[in-house]
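Once you've had a glance at the structure underneath, I'll fire off some questions.
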Amino acid sequence: MEAMTEQLGEHRYEPVIGLEIHVQLATRTKMFCGCKLSFGDPPNTNTCPVCLGHPGTLPVVNAQAVHFALMVAEALGCEIAPRSIFHRKNYFYPDLPKGYQISQYDIPIARNGELGGVRIHRAHLEEDAAKLVHAGASGRIHGAEASIVDFNRGGTPLIEIVTEPDIRSAAQAAEWGRLLRATLKATGVSDVNMEEGSLRIDGNISIRPVGQAEFGTKTELKNMNSFRFLERGLDAEIARQTEIVKGGGQVEQETLHFDPTTGSLSSLRSKEEAHDYRYFPEPDLVAIAPTEAMLEKASADLPELPTARAERFERDHLLPTDQAHLLAFRGELGDYFEEALASGGDGGGDLDPTALANWVTSELVARIGDTEPQDSNVEPAALAQLVGLVSSKTISRDAGKEVLDVLAESGGEPAAIVEERGLAMQGADELSEIVDRALEANPQAVEQFKEGKGKAIGAIVGFVMRETKGRADGGEVNRLIREKIGS
Amino acid sequence: MSELLDLTGAQAAEKIKAGELDPAELFDFYRDRAAEEDLNAYLWLPDEGQRPEFKTDAPLAGVPLAIKDLFCTEGVPSTAGSRILEGYRPPYTATAVENLQSAGAAMLGKTNMDEFAMGSSNENSGYGPVKNPWNHDYVPGGSSGGSAAAVAAGLAPWAIGTDTGGSIRQPASLCGIVGLKPTYGSVSRYGMIAFASSLDQCGPLTRDVTDAALLYRHMVGQDPCDSTSLKHPETIEIPTAERLDGKRFGVPPELTGEGVEPGVQEVFQQTLRLIEELGGELVDIALPHSTYGISAYYVIAPAEASANLARYDGVRYGMRTVADDLTAQYEMTRHDGFGPEVKRRIMLGTYALSSGYYDAYYGNAQRVRTKIAEDFTNAFEQVDLIVTPTSPTVAFKLGEKTDDPLAMYLNDALTVPMPLAGIPAISIPGGLSEDLPVGIQLAGPAFSENRIFEAAYALERAIGWDPPEAPWKR
Amino acid sequence: MIDRDQVLHVAKLARLKLTDDEVERMSGELSTILDHIETIGELDLADVAPTSHVVQLENVLREDVPRPCLPREKALEQAPDATAEGFRVPSPAAHA
């Protein structure tokens, strides 16, 4: 990815971006208590004395959350700490019932990884805060506005992933974010849905003269809930910082919010003026020291990840890079492709993976939209058969699209549909005979073509297409006509 | 009626099982005595006629038990001695209490205490001080002052309390009863309102060592709700030893010399003679870092407490001072709800953890802790138990030390090293000085409670503690 | 040793309102206590590992199996100020 640089005076400036990602884990229960996780339930219906922070309560670590953390650590190529501990991060806010968050500080569970050319600084486990909802008209306290706290979300297990500031443009940030999302989705540890909040991305951005080692002052951009907004927000902030530096000013450290509807950045009131979290080791929890068995299970439960899968598609199936990526990064498409490929096609001849990939990523996707391919009416074996029929020139590509329309609508078997609708292209002899008749029927066109008017062939082709009800392969017709005319 | 008063918890349980005693009668007897008391030992008692279930077949047979108000008891007020939890009725019960109730203990009432277990005199309660039954002008010790006073005055056959820096042992010493701080982790902390998480433990306050062993046996257990709890490797036995032959007792100069007042020293020395008479061997040992115990303790405990008490903010339970903005609500609620000692410790703890000070204070205190634990490990290679006075002084007058927090803290000098190392220690009455009780402390390595009980039992027999003016006889 | 400004700063971190009297008293009391605590400085602790846990336990984990939650009324019952749905607080952004 090329760094985007801005010319400013004698300096060229480059953006320096690091991302901080919070991933809500798809465990059944919360990080430190047995309350179930379920989004969208009525407020305060999934709570207990522990996640409400009642006096005398104590946390107990969710084994599955640790398992997921080990999986993520491996998926991101991290070093796993032989022993990691929890810390208390102390501050006051209504969404934090204990007045501290149990997190990890200087000894996180994972460190020093890499994904898609971006280094991972660390990954650690922590608990999510509760939700503050503005009370609106229904609640004012002594004339002041009120909020309602809903503790359902409080205590949800989170993995926080922090990258090194290796990203050099907003576009790269968005693309890398998509790679991270696809990778995490493949592991199954989270729904990674940005709109629902199970994947949250904050960015740290600064700019510096190209070639300078020191970083400029960074700002933080929070809560962008799509990759498009992430990219736009980062671009906006880069532009803002560039303006400041151009004008001879200093970038101030602050936390910002990007409003995608207006495209503007605004400063967020910080939760604490003094970010003194007074971290100390959590005395109520003991260390996590992953055993051989725990590490093996994490490895065993990791499926093939997108980057590896894309590489395999390129290598083993000779798919072009962009097709390989498309299929690898959307797991369900990749699965569908592989299932179709395995079924062999039996439309005649070997199934060409690239041709199949093309049909999956363009024609199939166009017809089924957001539905998962496995849930569509098009069976993988059916698509494979269809692709085979087209490749072997049994039917034309256009006819193929027609068959796919039918499959998408109501399922079925391509061969049967071709038969039913008489979509089969003519055999070579039959076509040859029709071309002969076409030439007989259009002597003027033949003459004109012989004289060099290339467009005259159109009338002859048209005759053939009418005779074959459009099912002939246009290229083949063209070829036969020319062959027979003798030019 | 006074026959009932004569029965220890174990004796009462036996009589109930033998069908010779009606648990309801025993319960009402104690409840009525408690209701009329003027020591301010209780914060909550059931109404007349309101009795719990009596499990006469269970080991504790329905014998009534007083419970320090630091324990959450479902539906029953649990204030931790603080106004900030006035009216709080927990939605659950502490595991240690549940264990005892399953074993047949009948909850008699909730006892008064220093607020959030912070104190050594029970003068820090949000609900008024507790008086020492031996002399009502004197403090009973703290923070389990209510439980200790209740047992000493015959307002309960036995009680449970909590000990972080000495809060069971020191009031036991000042009130002339037995108190055990067990090995850290041997009893679940789930439901114990937290003061200092890495130090807090709960334990029995009883008239004699046998009762303490019996209660402790039914408190221990690994609890899935407490990640720091473990299964005790031994079954807790009721002690029977009559002598101390072959037992080596370490006497550390750091905890038995300077600072111990003459009257206490005298009783302590008498006890040492007694140990030798019983066949025990006295060994000089050194615990060089124990003199820094107070310094380490008064960083670590307040630091952990400052975080543990952050949840008291008027949002989900407890007291709230209404204010227009959020920060003001937090600040005013906590100002109004917490007493001066709690505020002091929150401030101390917050300061010790704050940016720039962490390593010098908290970091170093945790290192001192390592050294203190090492000292004990080394000592226990030479001796089986360590013996010291429990408190440098006997009970002092109400109001005598309230203006001098540091002087108050120094009361804990002999008891703080053990929780810092996580090891168990018991206090048993050794004698009187100035007509006030003097306690003797026996400490052992982790999970050595059986060893401690045996030695304490033998010593207790030999001491023959039965002062004619004991409060439970009045 | 710990002056008025520091006391006010720490009180803010701890969300404790202190009256002027309290600030002054606190400053003196804390200074005295800290003086005593600082005797730790006499020790050479450079090579000593800090103790954060006295129990030698590791990997105390809980199976990911749901346990019963509190009925909402019970969860809200103790709150000083609650609606039928949740706990009410002054909005963090709002000012008096």
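As written, the chain order gives the labels A, B and C, with residue 1 at the start of each chain.
Just so we're on the same page, a residue touches a chain if its C-beta (ideal position, glycine included) is under 8 Å from a C-beta of that chain, and two chains touch if they have at least 3 such contacts.
Just so you know, these numbers come straight off a predicted model, no measurement behind them.
Student: If you apply the touch rule, which chains end up adjacent to both chain B and chain C?
Tutor: Correct list: A.
Student: Weigh A-B against A-C on C-beta contact pairs and write down the one with more.
Tutor: A-C
Student: I'd like the Å distance between the centres of chain B and chain C, where a centre is the mean of that chain's Cα atoms.
Tutor: Each chain reduced to its C-alpha mean, chain B and chain C end up 23 Å apart.
Student: Whole-Å distance, chain A centre to chain B centre, using C-alpha means?
Tutor: The separation of the two C-alpha centroids amounts to 58 Å.
Student: Distance between chain A and chain C based on Cα centroids, please, to the nearest Å.
Tutor: For chain A versus chain C, the centre distance works out to 41 Å.
Student: Identify all positions of chain C at which a residue touches two or more other chains, and write them in rising order.
Tutor: Correct list: 13, 15, 52-53, 55, 57, 60, 62, 70, 75, 81, 87, 89-92, 94-96.
Student: Can you list the residues of chain A that touch 2 or more other chains?
Tutor: 49, 52, 60-61, 92, 94, 141, 144, 149, 276, 278, 280, 283, 285-286
Student: Residue numbers in chain B touching 2 or more other chains?
Tutor: 88, 91, 198, 224, 227-228, 306, 310, 313, 315-317, 324-326, 330, 350, 354
Student: Any idea which chain C residues touch chain B in the complex?
Tutor: Contact set of chain C toward chain B: 2, 6-7, 10-11, 13-18, 22, 26, 29-30, 32-34, 36-41, 43, 45, 48-55, 57, 60, 62, 70, 74-75, 77-81, 87, 89-92, 94-96.
Student: What part of chain B is in contact with chain A in the complex they form?
Tutor: Listed in rising order, the residues of chain B that touch chain A are 71-72, 78, 80, 85, 88, 90-92, 94, 189-194, 196-198, 224-228, 303-304, 306-307, 309-311, 313, 315-317, 322, 324-326, 330, 350, 353-355, 358, 362.
Student: Name, in rising order, each residue of chain A that touches chain C in their complex.
Tutor: Touching chain C: residues 27-29, 33-36, 42-49, 52, 60-66, 83, 85, 92-94, 132-135, 138-139, 141, 144-151, 269, 271, 274, 276, 278, 280-281, 283, 285-289, 291, 294 of chain A.
Student: Would you pull the chain C residues touching chain A in the complex into a rising list?
Tutor: Listed in rising order, the residues are 9, 12-13, 15, 52-53, 55, 57-70, 72, 75-76, 81, 83, 85-96.
Student: If you look only at chain A, which of its residues touch chain B in the complex?
Tutor: Residue positions touching the partner: 49, 52-61, 88, 90, 92, 94, 97-100, 141-144, 149, 276, 278-280, 283-286.
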